[in-house]
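Have a look at the structure below, then the notes.
Chains: A, B and C, in written order; residue numbering restarts at 1 for each.
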Amino acid sequence: MTADTPALAVTDLTKIYRRSHLGRTKTTRGVEKINLAVRDGEVFGLLGLNGSGKTTTIKLLLGLLFPTSGRIDVLGAPAGSRAAKAAIGYLPEIPYFYKYLSGREVLTFYGQLSGLTGEALRQRVDAALDVVRMKDHARRAMREYSKGMLQRIGLAQSFLHDPKILIYDEPVTGLDPLGLREMREIIQGLNQKGKTIFFSSHSISEVEKLCHRVGILVQGRLVRVVEQKEWAAEPGRLEEVFVQTVSPDHAHVR
Amino acid sequence: MTSIFSIARYTLTQQLRNRLYLVIILFGVLMVGASVLFGAVAADQEIRVILDLGFATTEFFGLAMALFGAVTLVLEEMESKTIYLILTRPQPRATYILGRFLGLVLAVWTGMALMEVMHFALLLFKGWKADPLTFAALPAMGLKVMIMTALALLCSLLFTSAPTATVFSLFFWVLGHFGEEIRFLAKKSGQPVAMALVKGLLWILPNLTMLNLRDHLEIPGFPLTQILPAALYALLYTGAALSLSIALFARKEF
Amino acid sequence: MSRFQSSETRSSLWAGAVAVALLVAANGAPTGRGGFPPFDHPVLDEFVLQDTAFVLSGARRLGADLAFIQLLLYYGGADLREKHDRHAGESPAEHAGHLHLGREGDAVGSTKMVDFPDLMAFGLRVGSLDPYFHYAVLFTGSALGFNLNRVDEAIEVLHRASLRDPGFPRYSLYLGALAYRQSDEINKVIPWLEESIKDPDCPTMLKNILANMYRKQGNDRRAAEIFLDILDNARDRSYADLALQKLQEIEKSLKSRKRL
């Protein structure tokens, strides 16, 4: 890995879902021929309508799905490999946790799985709970947490092991305005510490505020990548670009 | 290795805090207690009936805990996506299977141990002269349930539906006890095809009769000579089932 | 295929190969001596499902226990036997609150009726489930041979059991006693039974039978010793109550002899 190595390098990535039923095979295109390089230290947003392939892309980056063709490198290591996973922190769209464990126990558990032990683990858990403001509730069982509290624990487990890259799937969905602001501040804080952040979202306003670049997915294809300078000068410009891109009349293959 | 133990520990904690799991244990304990009612009808053989019914109850409820745990744990986790946060950690996928299995087995053995404490207390109260040979039945029962835990885990990965996985696990349980009878019937038929098919089937099915030491207590000298071969068989068969689970899980997409 | 995907495929193939190797090893491992012989002989049609269920769930011994309980319920307790013996001259169909369990299809009151015609089958059934349930075999053999005077059936039960478990010494002891019973040489039966009741697992019924034999011979002292043993140790309350009754009879008899 050199200084020029992108944090995430996606080359000709295609995922076709095949489902067999009673002898018939049905194929669905998840994503097709995606080419993308996310720079080190960048905040990259992935926009798209429902079913456009955002979650598929994220799962491919994480090794939860296997590509049909193409490749993905995470800081030079193949996606899904141990080195790649060690470099990534992930927050799913709706984080589910073990309802019988407490917040602290859950973080300790994930920290252990990330290779943390002993005093270092304990300190990291404390620090993460501080950042997400959950220290006072850490000993309660997860089943007693509100949605916002669950989201905060989800966030905490994503950066607990100090990964270089954070991949978040719709991190702002369902948050109230205060929650949105807190999430934004945390993400910005993490980026300021040098972390690369890749996230998918429906919320154009949040993407505008956070991202250096935005990719737009339409029916599994990455049709456009928009730089911050293209929307920064004009409020509402990103939304315009997005609507134009996803509209059936204007959608085009890159 | 640490990660396997981490997952095992949290699996054990999860199970022991699960209300339904505790209900199964409580019910098992009550059933062991109820065995005294059946014993009363058996006159001179009261002790024997309490002994047998208690062992059978413990084993049956151990099986119930194993099936419930293996099927719900894995399938629920896959459906609720809790599994994503483990699979995106820098651990081989095998760690998850082995950790879950170990935790489940420990949880089941804990429940069985509680039932057996009650069982032996009842026997001693009824005037049973403790025979050390009787205790040989306990590890065999534990090993039998261990095999079933591994098979239930395998079935939950194969079938992705809780009822189907449960039914197939029970299928293994039943046929695992019927091996000698199937072999006898095939021999009686004299058909080479039938005999070959049965031979193949018996290779795949677990030989649970070998671990039925609780039934073989009266056979002079039997349990002691049988423990080691039975334990070896149980470990090898369990290893085979787990390896197959790992093979399936390695290629599973989420 | 990505490099990662191919490595996962390789892991999968390796794990699969290990699974096959372990399965081969498991099936090739020494299994030691077998346990029960195959359950190939359901004895009583009405219990086929029940017996098969216990076999399939790996609980043959428990199945044998339940089969034995069903045998006890069929045969009845000690007081029932004694009540029957006392009014043998009455109508054979129904008296003193119990029925003679004749075969289905036999006319009620028929003199052809046999007491407990399926007792042997009940006993064989227990043995087919658990060949090592010695007590049940001895109980059935004792009931058939000494109570119901069906020595052939008793010998059949014990003989089949001894074929399954030739190492159990008490079967030959009982067979010896039954041989003398068959030729009505009660004096020669008694030593065999004395030997049998030394075993702590001996059926209480057999002790009761021996004590009754002593009473018939006029040896009340030995009979009383055995009844006392039953009173102190029997788990079956019906036998304990009967023993107490018998001891009271012996006491009465001794007192009346003293007066004379």
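One rule holds in what follows: a contact is a pair of C-beta atoms (placed from the backbone, for glycine too) under 8 Å apart; a residue touches a chain by one contact, two chains touch by 3 or more.
Here the structure is a predicted model, which means the values were calculated and not measured.
Asks: By CA centroid distance, what chain is farthest from chain B?
Replies: Most remote chain from chain B, centroid-wise, comes out as A.
Asks: Does A-C or B-C have more contacting C-beta pairs?
Replies: Between the chain pairs A-C and B-C, B-C carries more contacts.
Asks: Which one chain sits nearest the middle, judging by mean Cα positions?
Replies: B
Asks: With chain centres taken as the means of their Cα atoms, state the distance from chain A to chain B in Å.
Replies: Their C-alpha centroids are separated by 41 Å.
Asks: Suppose each chain is reduced to the average of its Cα coordinates; what separation in Å results between chain A and chain C?
Replies: Distance between chain centres: 72 Å.
Asks: Just curious, how far off is chain C from chain B if you go by their C-alpha centres, in Å?
Replies: The separation of the two C-alpha centroids amounts to 32 Å.
Asks: Any chance you could list the residues of chain C touching two or more other chains?
Replies: As it turns out, chain C has residues touching two or more other chains at 8.
Asks: Residues of chain B that touch two or more other chains: which are they?
Replies: As it turns out, chain B has residues touching two or more other chains at 92, 251.
Asks: If I count partner chains per residue in chain A, which residues reach a count of at least 2?
Replies: 63, 66
Asks: Quick check on the complex: what are the chain C residues that touch chain A?
Replies: Answer in residue numbers: 1-5, 7-8.
Asks: How about chain B: which of its residues touch chain A in the complex?
Replies: 2-3, 6-7, 10, 13-14, 17-18, 80-82, 84-92, 251, 253-254
Asks: Over in the complex, which chain A residues touch chain B? Could you list them?
Replies: 59, 62-66, 82-83, 85-86, 88, 90, 92, 94-98, 100-101, 105, 109-110, 112-115, 117, 157
Asks: Which residues of chain C touch chain B in their complex?
Replies: Residues in contact with chain B: 8-9, 11-16, 18-20, 22-23, 25-27, 29-40, 55-62, 65, 68-69, 72-73, 77, 130, 132-136, 139, 167, 203-204, 234-236, 238-239.
Asks: In the complex formed with chain C, which residues of chain B make contact?
Replies: 38, 41-46, 48-49, 52-53, 55-56, 59-60, 92-94, 144, 173-174, 176-178, 180-181, 183-184, 203-204, 207-210, 212, 214-220, 222, 225-226, 228-230, 232-233, 236-237, 239-241, 243-244, 246-248, 250-251
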